[in-house]
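The same chain A turns up in both complexes below, where it pairs with chain B and then with chain C.
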Partner chain A sequence: MNAPLQFDRWERYFWPLLAINITLALWYFSVRWSGTEIFPSPLDVERGMAELVHRGLLWRYTLNSLSRVAFGYVSAVLIGIPAGLVLGWYPAAADMVNPLIQVIRPVSPIAWIPVSIAWFGIGDTAATFLIFLASFFPIIVATMNGVRNVPSMYRCAGRNFGLSPANLIAKVVLPAALPQIVVGLRITLGIAWLVVVAAEMIAVDSGLGYLVIDSRNSGKRYDLVVAAMILIGLTGLGLDIAIRRIEKLKSVRWGFRNEH
Partner chain B sequence: MAQTVSTLASTFVATSKVASVPQPKPLQAKLCAEGVTMIFKRNGSYVPVLEDVTLSASEGEFVCLLGPSGCGKSTFLNILAGFLVPTQGRVLIDGKAVRGPDPRRIFVFQERGVFPWLTVSGNIGFGLFKCSKKERTSRIAYYVDMVGLQGFEGAYPHELSGGMKQRLEVARALAVNPDMLFLDEPFGALDSITRLTMRSELLRIWEAERKTIIFVTHDIEEAIQLADRVVVMSTRPARIQRIVNIDIIRPRDISSRRYLELRDGILEEIGLAHKG
Partner chain C sequence: MSTRTRILLLVFGWLGLISGLHSYLNVNWAFILNDYLPLEKRKFTVAYIPVTCHLVCPVTDYISKFSKGDEIFLPKMFQGFPEIKEALISNRVQAAFVVAPLAIALKSQGVPIKVVYLGHRYGSAVVVQKDGPIRTFADMRGKVIAIPSRFSDERLILYRAMKAYGIRPNEIKMVEMAPPDVAGALATKAIDAFSMGEPFPSEAEMGGFGRILFHAREYWPDYMSCVLVVRQDMIDRRPEAVQTLVDGIARSGLWLEKGRSYRENAADFVGRFYYNQDPALLRWALTKPLDRVLYNRLAPRKADFDMVRDLMIETGVLKKGIEFDEYVDLRFADHASIKTAWNYEPGSRYAQ
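Entry: the complex of A and B
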């Protein structure tokens, strides 16, 4: 019934590539026809990209950004998941802490930049701390809700078989909540990548965010600005593809299909 | 002589009324619920769910709790299993008060209680964490066989049909070798053909393993086909309305006169007899 909407294999690549090429063409001709001197054409950006490769900045800055995300995000996962498990497990603890979390959570991590610099000075620690903050709250909330939504039937069955509380959490509650936690992890990784760019604009002097702001400030190199933006987009896409693989694991996949 | 006649007469009366007379009690009951009353507090008002329920079951007996949906029979089963503490009364199993769930008595849930993140083998082996690896493997194989899931050991529950999932849950329960099973409308979500197959499967397993089974259902046919005794419960707050002995030899002929008689008796008891 949906046949006309399903793409053949060649079409799966053809249409997206067509959309990209149309966009590039529109971009190219708007730059030419408007006669702008500041904004680069796709060809300028390509040359800028080549220059970044040549100067060795492309890899270095991408890796800088990725390692900040890795440290901040992984530490948020390591603290956030256990904390979320505890809060989900003890409703009284959750009731106590939840209002506090809900007040801190809507504060954009960007607003923490001055505080972060005051605490850690300009440098990697400040940027990593911002990533941690940006990741910690979504992870703890996703885990807490995941645990709360575990059907009581599963807990009862676990208790029935004589599991100790620690085993009950490890063998029943965590796996039952895992699909929801994984969704939280994926969304959070996207947020972390958004935040690292902003953090690098202010708190450090390396990374893709720094590349954006530095290229503009030193000589209005908009070709490099746009090249950096494209790199940010592509790396973000790569991160999302990577973390989506977790959703395909068999022990998690059950949570992503509609059981009839 | 006259006395003998009267004894005979009373025996006769007793047998013809056998449906309502409890069988001779064994020396020690496996399970003994005494005056169990449950009152839930909901939105500030008190809702009585169970009223003074007293019931005993002997070792190896198959007891069905029969009652309309929402009457409180599941609550009673949860109390027997130790998941809920009654407002009043107590439950004794093997003469000891029940203080919580216990691996010797496994609860089989109404809906799919199998763990979706574990395979068939993983589910059956779930309660066997204290066993050696070798024993675990052999027990899993044994119970995979018993419930007919050969070839599906590595399958996840979402890859199984409803009947297979329910059999898997029964296998998971049996694997820890409990002496009692509590089944809470286990076949309620299955289609009618699968349900019939599952009943005979359950009887086959029960005859092989002789666990004491307390089985909650709202299906009269199911109760009469399975149970040694059917406990008819009233609407909420649930009380025991009547206990019916099902004195038909297994395998039961569901078109026999006695079967229909018992069924009609129960229908009448819950006020649903044909009018006519």
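Entry: the complex of A and C
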């Protein structure tokens, strides 16, 4: 059996930093050697970032994007988990709506842009709706499958204790399905953040996705385009680290048996 | 046959099939092969979007095929200005029809291009919802209005109208949208108004959901919007090819001004073979009335461009002044001024 690769404490930071620096150096020299007029060098991007900080846009845009993602994602969670619980609990209901879900699910949120404008006009609601759409289906499917995979022994035990159906769902099924649901939630948050750029193409006037579009529209400002891309990446990383903490909660940990 | 060979055969068979079909159905070989021709034989690629401001581009391409038996450039349709700008900067297209302020802004940002000719005069309008709350421009306060780009004359006419009505810049919200999207957005009331080139005002009129509040010329008598720009390296290395292009554009403009039947013919072939729009829509835009868009007097004039530049500085989309001579090359327009209209009758297979 292969021993898992163990890093020393210093190595945990050293190697990733090295990889980042090598990438930056490659980027810098390929821009210089190719003499491209369009693509900015890391230094241009740094100046672009400084400009964003200076104009007070960096925090405002990041917060705006985060709040749009939060609204869309949280509303998807609030509707998706109960709906998933019900569908997982009543297989007949699941059989009825599952084909519909499977048809709507693969449609890219970008394809929804025209419809979303028609329904909600241009602005925050339409953008949030796209994020909601992107999050809703993965959450409902993860919850439904989580509930279906709960061993029937748990349900029987719950029934033997005389739990009402509502109590059975709340006290037995939901906790039992929680590990799988949380994995779904984590993947979905990643998707929601992916969609933010597309969502903010809908004529909103703030946010990191808007920053990409806006910099593109303002002539030759590809330094800001790349700066926005980097900010999107870093914020996404932050979100992932944050949601990983939820997986460490006790009520979830038990589901990951082979971790210690 | 083992399972492995069968899977491999399936995968490669499938790849071969879709690649073959794709190259047969979708790939424009003229464009690809053009890149491998020697420089002096290589054709220009000229970018345009499906608006009547750029109509001379497909008209020239269509008619010149009958006169010379071959196209004099390769037209390439885009859906919005940001894409054209990127293709132009990266030398994927050598010439393009763009809005005049975008040309000025790109030149001032160091992109090596020159304006050589205009695409049209007139032909932009501000459109509001037909039975909506906006009766006069004064009602525009607090409304959302779509423009094609922050670097567009369609935005500048709004500023001219705002000045006349004493409306401050922060009282109107302008959003940038791809021109083909605005009519739909107005129909669904996602926006209150748009300022756009034809045929989108006509589309809103024909569809019965839009009303023209004013035509651009009411606030800008000699209105011009889209111009033909060419990359500097093309001007330096192949001036004769640029001249052929500008001559063709000039002749098409004069041809379009020969009368209603010529415009109707143009609406028909451009709608069907180039813009993928209903010819009836283009017919409306080109003939109701006939001077809704004009294609003569297309030589660039300093006074027009100085006004555009000053408005750009005033409205904050241009940082420092730039002189007419820095971004316009007049010699091609000078030569083109002695040209006559194409000798081409609608439906004929011959042109001169």
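Convention: the second predicted complex is superposed on the first by the 252 of 260 C-alpha atoms of A that agree within 3 Å, B and C clash if a C-alpha of one lies under 4 Å from a C-alpha of the other, contacts with A are read in each partner's own complex, and residues count from 1 in each chain.
Basically, a residue touches a chain if its C-beta (ideal position, glycine included) is under 8 Å from a C-beta of that chain, and two chains touch if they have at least 3 such contacts.
This structure is a prediction, so every number in the text was calculated from the model and none was measured.
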Mind checking chain B and chain C on superposed chain A, clash or fit?
-> fit
Please work out whether A:E37 is in contact with chain B alone, chain C alone, both, or neither, and reply first, second, both or neither.
-> second
Centroid geometry (CA): angle chain B/chain A/chain C, rounded to a multiple of 10 degrees = 150
Looking at the overlay, does A:P175 come into contact with chain B only (first), chain C only (second), both, or neither?
-> first
Who does A:S218 touch here: chain B (first), chain C (second), both, or neither?
-> second
Determine, under the contact definition given at the top, whether A:I117 touches first (chain B), second (chain C), both, or neither.
-> second
Which partner does A:V74 contact after superposing on A: first (chain B), second (chain C), both, neither?
-> neither
Pick one for A:V107: touches chain B only (first), chain C only (second), both, or neither.
-> neither
May I ask you to name which of chain B and chain C touches more residues of chain A?
-> B
Tell me, in angstrom, the smallest C-alpha to C-alpha distance between chain B and chain C in the overlaid model?
-> 30
Which residues of chain A touch chain C in their complex?
-> 37-38, 114, 117-118, 121-122, 203, 205, 216-220
Residue positions on chain B within touch of chain A in the complex are 81, 83, 100-103, 105-107, 109, 111, 113, 115-118, 126-127, 129, 156-158, 176
Complex interface listing, chain A residues touching chain B = 153-154, 156-157, 159-163, 167, 171-172, 175-176, 178, 250-252, 254-255, 257, 259
Listed in rising order, the residues of chain C that touch chain A in the complex are 82, 85-86, 89-90, 102, 105-106, 109-111, 144, 146, 149-151, 175-177, 181, 184-185, 188-191
